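In what follows, chain A forms one complex with chain B and a second complex with chain C.
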Partner chain A sequence: MNSLALTLLILPMTGSLLAFILGKIDKRYAFWSAEFLGLALFLITLKLYSSYSEPIDIAFTWFTLGSLSIPFGIYIDELSLVMLLIATGLGFLDIHFAHDYMADDPHQPRYYAKVLFFIGGMILLVSAKDMVSLFMGWEFMGLASYLLISFWHQQKAPADAGVSAFLFTRFGDIFLFAAIGMLFYLTGTLDLMSLNSMATAGDIDKDMMYLVAVFIFIAAIGKSGQFPLFPWLMRAMEGPTTVSALIHGATMVNSGIYIVARLFDFYVAAEALLVVAAFGAISAFIGATSALVQSELKKVLAYSTMSHLSLAFIGLGAGSLAAGMTHLVNHALFKALLFLGAGAIIMSASHVKDMWRFGGYSKKMLFVSIAMAFGALSLSGIPPFSGFYSKDAIIATTLLNSETSGLISSLTLIAGVLSVAYISRLWLLTFAGENRDSELFAKVKKPSFFWITLPLLVMAFATFAMGFMQEGIIEMVSGSVAEEEHVNGLLFGLLSAIALLAIIVYYYYVKRLDITKKIASQPLMKAIHKLLFNGYFVEFFIHYFVKNVVVGSFAKTIHWIDKNIVDATVNGSKEFARVVKGYLMKTHSGQTSDNSGTMILGVLLLLVAVLVGGVL
Partner chain B sequence: MISAFTLLFAFALMSIALHRSIFLKPFALLGIGLAFYASYLTQGIALSGFSLEENIRLFELIVLVVLFALVLHEEDDITITQILFIGTSSMLLLESQTLLSFILSFESLSLISVILVTQIKTKEQADGAIKMFIAGSLATGILFLGVAFYLIGGGSLLTPLAQETNSFETLGILLMLGGLFYKLTIIPFHSWAVDSYALVRHSHAALLSGLAKTVVAIAVFKVFAPFLMLHSDLTNPILITVALLTMTLGNFLALFRKNIALMLSYSSIAHAGYLLLAFVAVKSEFAKDGILYISIAYIFMQSAAFLVLDILKKHYAISRLEELKGFASQNAILAFMFTIQLFSLAGIPLLAGFLGKAVVFYAVVDAGLWWVALIALLNSALSVGYYAWVVKGMYFDSFSAKEMAFVEIKLPMSAQFILAVGTLYFGIFASTVFGV
Partner chain C sequence: MSAIEIIFFPFVLALGLSLFFRGESNVSKFAALGLFSYMLSFSLSLFEQLPEEGYLLLGEFLKVERFDFVLRLQVDMLSTIMLTLTSVLLILVALSSWSMKNQALYFSLLIMFSGAIFGLFMSTNLLWFFIFWELTLVPMYFLVGVWGAERRIFAAVKFFLYTHFASMLILVAFFLIYKESGAFDFTLVRESMLLSPVLIWWLLFIGFAVKMPIFPFHTWLPDAHVQAPAPISVLLAGVLLKMGAYAMIRLVILLLPETSQQYAWVILTLGLITMFYAAFMAIYETHLKKMVAYSSISHMGLVVIAISTMSYAGLSAALYEMIGHAFIIAPLFLIAGFFHHKTGSWEMRDMGGIMQKAPYISAIFVLAGLGALGLPGTMGFVGELSILISAVKSFGLWMIVVALGSMLGAGYIIWTLRRVIYGEMSEVVKATNFKMNMMEFLALAIFALFIILFGIMPNTLFEYINPAFSQFSSLGGAL
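Let's turn to the complex of A and B:
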């Protein structure tokens, strides 16, 4: 098993090189090597999964210097396996889908190399035994995400979006790095399992633990696109849709949740879960409400991703590892499905992303519409689709936990129920009703069945089937099947609210679009629309703060110091170096007699030194 | 079991018969490969008076890898044979156990080095060779003066170096060190290196400054460390002064060089200062790791850098910094591999050069000499300046030299590849070294 696990780690990285090199010979080879490797990775993961008996635990030492020992280890338990299945399974389908999606792109070798590199980073992250390998995977993914968002870097928007993603996540990463340093200083170990057990045993100072937990959570916020570090996620939609599906819908954005889940005992002992739940609730609300008014197909999904990841955070924050992680798993699948479905639509519609120019598309792409309907049903939380179980469990957990039962559970409830509104709006505006741009509609091509529709149908089936496997998933992610927690009337209330909202959306967006437009033109509605459309102006605030406070006053002071004090010193030392060099040059004439002279002089000096040292 | 030494020696002798034939290079490569295999398998003593410790065995393997790359790069028949001979005496030097075997193998290495550079084609090469020869003779004189004192004091050549010594022996050992420092290009025995490294053929300079220097450093450390440990009160002031002077002088003089080879010569002297730090920190338990690690890093990066210069001179007629401008657009792969080696020399993390310096500095701090480590660190920071300058020139300046026809340079490129992999591997997988 160990060798298999190591293969899993090494294969994507070497494969990344291979795809690039083969792609240089013929760009189609890049796809085929990536497809083959993607499948191989998935099969290896399946093999690991099917023959799982106990956690794979491989401990390497990166290097040791006396008492300082830097570990680099692999640890694959059931939680890791679930994440591995998601990463490799969806990774493979995503590569398969890209065959058509990226078919016209001249830089395919670069694309597939980066995607494989990304999958390698994700695998490293979820099979990390200690903070070092985890951080490495974390950074690999960050790099891959940046490279893939700005894949079309010749255009300005994707290039800017890449930089934005890099800076936002980097901001969080600094805190993760600081947390690792603090942990090493406090405990002397970086092993994740020992950290958990030490925290539970109370071996670490509680206040410091709280600080470390908050620091790690800030990094998680950055990576998972939560309030207030989410604007990069919306901008990341400038990248290829296949990238959005894999990285910004299904895998990388989960890593923030994964790290909290991995250190769940630590968070429990540090009593930092409430922070997680609180920020989760704010993000869930912002995401769900903002998703309601977006006009771009992918932006709706991006805000929905933010909101649903928040739900998973809330689940963890309310104290239920099972609820949070199950929702993460379910969400990864149906969100990848929805993103790839969106990719199919965008591709067929000559890369138009504006939903208001779609409509009636189910006539052209029936299977895509069905698959997306499955995803939408699961996202809305309708039984028996997978999303229903986890969402219900999260809401029930928040209601039952006395700390979260007030504001947090209300926000969660609103966000949970609103998801039906924005996703049905998306589906209805795209597939139902009359089409609103006949010119575009005429040009819509039917997507290829094998490359585009088939992966969607596979995922649609999986998201349906997973509804019947919830107990197994819960057992895998949390180690045991807990007694299901029930809140009387919750199920009935939720379902009726969902049904009501769906009907309202249908009425206002399909039947009476004219009324909707009239309502939307009211001044108050316009203001609300603007607020939601811009994601509560969070990005604007951050820019304002950075520009006026950080750059405006702080950086200007530093600049002054730099110019008048540091530069003067540097210039001075440069002059100094020049003078010193002038003198030093004189020591070397290049004449053989002088060379020999210095040597003799050296021996004489040595003798003098020895005499002074008192040997003779 | 046949030892690596025997194999290399046999192949070196036989290779003479193959001159002017296309089989020479494959034959030499085969010899080195077999020696690698033999060295990998051997456990015990090969010749009387010679033995192998575990960490030195690792270094021996690395020397063989670098020899392989050097032969791969080389086109000149005589040089290939001489590389094999240098490899032979390197093996002997590394395995030497008694003082006699150490001195004999050191002298044979020096002698072959001199013969190597006497393949004179231009006036400059003659200049470099003569300087090296004269300095080498002087150094041998000093070395043997030391040996004489050591023997007068009652020391024996047929045992390892004495630890408890009387005054005569101490003086003798210090003089011996002085003679040996010539090969390590440590102040004040450095002057010849500045000229010789820059003037002789670059592939020869790669052998002298990359391979021979590190082999000698490891061997000297192995033989003299027990003595230095006992007499550090006496030797440390001298060694610290010399080490700091060497690195500071080397770095300052490298800083404003326009000739790349001259810059690398000075940087090589600066690195001798870092090597010497391991001798300074000999009391620390990490000094052994330190010398091994910095030597491994140095042998890869310095050999590779001089071999790149050789390619640049031979195929692109580039020898000055301004001619290198925009070189990345000419040969992106070579520029990249050169960048790896330069960054490693500058001590950028995740490359062997960084860990080498880090471990040595750590050992110095561990020995209680944090201020020495601080000065060394400042030196290292200073050196980033001139290495980065070259990289900047290659990538960010527009191409200025005349357009050259594209030349197929497969074998030298594969040599570069081997050395670049070495630099990367030992930068990342540090535990391979610390494990032994």
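Let's turn to the complex of A and C:
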């Protein structure tokens, strides 16, 4: 098993290089080697899963620093396996889908190399035994995300989006980096399992533990696109849709939740879960409301991702590892499905992303519309689809936990119910009604069945089937089947709210679009629309702060000091030397250079110093 | 060749080459390359001969009655590592200077520099240490002053005077040491012999701080870097700055441990200021090479922090970061110089979209940039992690502020990449042909390989680095 686990780690990295080199010979080789490697990785993971009996535990010393040894280890338990299945399974489907999506791109070797590198990073993250290997995986993914967002780097928007993604997530990452230092100082170990058990046993100072937990959570916020570090996730939609589906919908953005889940006992002992739930609730609300008004297909999904990841955070924050993690798993699957579905639409519609120019597309791509409907139903939380169970469990948990019932549970409830509104708006605007841009509509091509529709149908089936496997997932992620959290009347209330919202959306966005437009032109509505459309101006504020305070004031002041004080003193000493030289020259004839003038100064200084030394 | 020959042969060779050849000269190029390769194999062979602890005596020359002027050549693990690093850098600098103008003279100066630097790292007599220390300045002065850009004379003179002024302080300190302890050989001097260790400490500290450079003595470096040709910038950052760091470790920390302990807070504070100050300078900078220069100073700040811990782990981390810094900053300087050479501008706004024209060179630039901001998988990360851990161990939890430095690093590096490498092509870039000499590209590729190789397998270096400071492992309780 150990060798299999190591293969899983090494294969994507070497494969990445291989795909690039082969792709340089013929660009089709890049795809085929990636497809083959993706499948191999998935099969290895399945093999690990099927023959799982006890956690795989491998520890190395990465390097010795003086007398300290810095560890590097692999630890694969059931929680890791779930994440591995998501990463490799969806990774494989995504690579498969990219065959058509990236078909016209001249830079395919680079694309597949980066995707494989990303999968490698994700595998490293979820099979990390200690903080160091975890951080490595964490940063590898961040790098791959940066490189893939700005894949079309010759254009301005993707290049800017890459910068934004890197800097926002990096801001979080340095807290994780600092946490490594803190943990090393506080506990002397970086092993995640030992940290959990030490925390539970109360061997670590509680206040410090809280601080570490908050630091790690800041990193999680950055990576999972939560308030206030979410704007990069919206900009990341500039990347290829296959990248959005894999990295910014299904895998990398989950890593924030994974890290909290991995250190769950630590968070419980540090009593830091309420912070997680609170930030989750704010993000869930912001995400769900902003998703309501977006006009770009992918932006709706991006805000929805933010909102659903928040739900998973809330689940963890309310104290239920099972609820949070099952939601993560369910979400990964249906969000990858929705993103890839969006990719199929965008690709067929000459890369237009604006939903207002779609409409009636189910006539052109029936299977895609059906698959996306499955995803939408699951996202809305309608039984028996998978999304229902986890979302219901999360809301129930928040209501039952005395700390989170009230504001947090209300925000969760609103976010949970609103999801039906934005996703049905998305589906209806795209697939139902009349087409609103006949020119574009005429050009829409039917996507290929094997490369595009088949992976979507596979995911749609899996989303449906997962609804019946919830207990199995809960057992895997939390080790035991928890008692069903139950709140009377919740199910009925939720379902009626969902039905009502769906009907409203149908009426206003399909039947009476004219009324919607009239309402939207009201000043108040316009103002609200602007607020939501821009994600509550969070990006605007952060950008303003960095541009005007960090760079415009702070860095500028230091620059001024350097030029006018520190360096001016040095350059000014030349004048001083010139004056001294002027006196000295009176005693000498002939020319002396600046150089020797200072030489003399030096010798004088030397004499003085020796005299002083002699006196001392 | 014996140790003494390897120091003085380069001077003879340099003289011969500069007398017999003019202008373009393949002989000079290959002579330099051959000599540096020999130096590398010589340094590597030293590793096998080194004793478990202490010095390996390579020879004693110029014994004079009644005066300690003996040229005693001794090496230990620390100096052998420095010799190896220097010879690797010299080889790569020679490769990346392949299409330099007036090669005969250029490579003669480079060869002369190599002799001086080998003498510096091998001699344990402070007088000879000082002589070689000053000798490195001479070829450097001409390399900047002749092959530099428009304001090269100003930069060369500023560089020479500033570091020369610092040398005076060092010389005074050396004489004080001799006066008080009766020996010039620093392996024979103990702190307890000295009457005024505090004065000596300050003289040495300021003297070496100029070379490293540490705030507020850093302003000669950006000027020198900007005016120097790219390979000489590599030499400045990779060898000359490391001389300062080496001397700081050898003659401040190891020679005067008690006083250093007393003033560790001074070193630490200045290290932190240097790191943040230079990082903010880099953020505000739009001049590509100045940005790289400030990034280099910022990383030297990290080295200073690591040195100030005065612990086994900290000094090992410092030495690793010194090596990492040399390999990471070198391709940044070389490629920045290459872009300038091709586009004719240093301003980032004149560049943009170079990735489309020169994908492989740009990829190495990105890789080195990622190294500079400390991304895992590169040497930069290992350096930063080691320094973070050792600093936190020595000074307590608040040292996690070091992590903030890598955020600022990400700020200036990523934004620079965006402006220079990515985005739409500027008019200048569109009209430019980015073709590089094969030898120069080879040097870049080797740097890139080192950054990744030692970033993934740092233990190959730490196996040698740790024993360099093994005397600290015996101190009970210390790290």
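In this section, the second predicted complex is superposed on the first by the 559 of 616 C-alpha atoms of A that agree within 3 Å, B and C clash if a C-alpha of one lies under 4 Å from a C-alpha of the other, contacts with A are read in each partner's own complex, and residues count from 1 in each chain.
Just so it is clear, a contact is a pair of C-beta atoms (placed from the backbone, for glycine too) under 8 Å apart; a residue touches a chain by one contact, two chains touch by 3 or more.
It should be emphasised that the depicted structure is a prediction, and the values quoted were computed from it without experimental measurement.
Novice: Using the touch definition from the top, say if A:F63 reaches chain B (first), chain C (second), both or neither.
Specialist: Both partners, chain B and chain C.
Novice: Looking only at chain A, is it chain B or chain C that touches more of its residues?
Specialist: Of chain B and chain C, the partner in contact with more residues of chain A is C.
Novice: For A:Y185, is the partner it touches chain B (first), chain C (second), both, or none of the two (neither)?
Specialist: second
Novice: Going by the contact rule set out at the top, does A:D160 touch chain B (first), chain C (second), both, or neither?
Specialist: A:D160 sits against chain C, while chain B stays out of touch.
Novice: Touch test for A:F171: chain B only (first), chain C only (second), both, or neither?
Specialist: second
Novice: Examine A:S150 and indicate which partner it touches, taking first as chain B and second as chain C; both and neither are also allowed.
Specialist: second
Novice: Should A:L524 be classified as contacting the first partner (chain B), the second (chain C), both, or neither?
Specialist: neither
Novice: Which partner does A:F554 reach: the first (chain B), the second (chain C), both, or neither?
Specialist: second
Novice: Go through chain A and flag every residue that touches chain B in one model and chain C in the other.
Specialist: 61-66, 594-595, 598-599, 602, 605-606, 609-610, 613, 616.
Novice: What residues of chain C sit close enough to touch chain A in their complex?
Specialist: Residues of chain C touching chain A: 157-158, 160-162, 164-165, 168-169, 171-172, 175-176, 179, 195-196, 199, 203, 215-216, 218-220, 277, 280-281, 283-285, 311-317, 353, 355-356, 370, 373, 375-377, 381-382, 384-386, 388-393, 396-397, 399-400, 402-404, 406-407, 410-411, 414-415, 418, 421-425, 458-459, 462, 466, 469, 472-473, 479.
Novice: Inside the complex, what are the residues of chain A that reach chain C?
Specialist: Residues 61-68, 70, 132, 135-136, 139-140, 143, 146, 150, 153-156, 159-160, 162-163, 166-167, 170-171, 174-175, 177-178, 180-182, 184-186, 208, 550-551, 554-556, 558-559, 562, 566-567, 570-571, 594-595, 598-599, 602, 605-606, 609-610, 612-614, 616.
Novice: Which residues of chain B touch chain A once you look at their complex with the stated criterion?
Specialist: That would be residues 130-131, 134-135, 138-139, 142, 167, 170-171, 174-175, 178, 182, 187-189, 191-192, 194-195, 234, 237-238, 249, 252-253, 255-256, 285-286, 289, 355, 359, 362, 366, 430-431, 434 of chain B.
Novice: Inside the complex, what are the residues of chain A that reach chain B?
Specialist: 60-66, 577-578, 580-581, 584-585, 587-588, 590, 592, 594-596, 598-603, 605-607, 609-610, 613, 615-616
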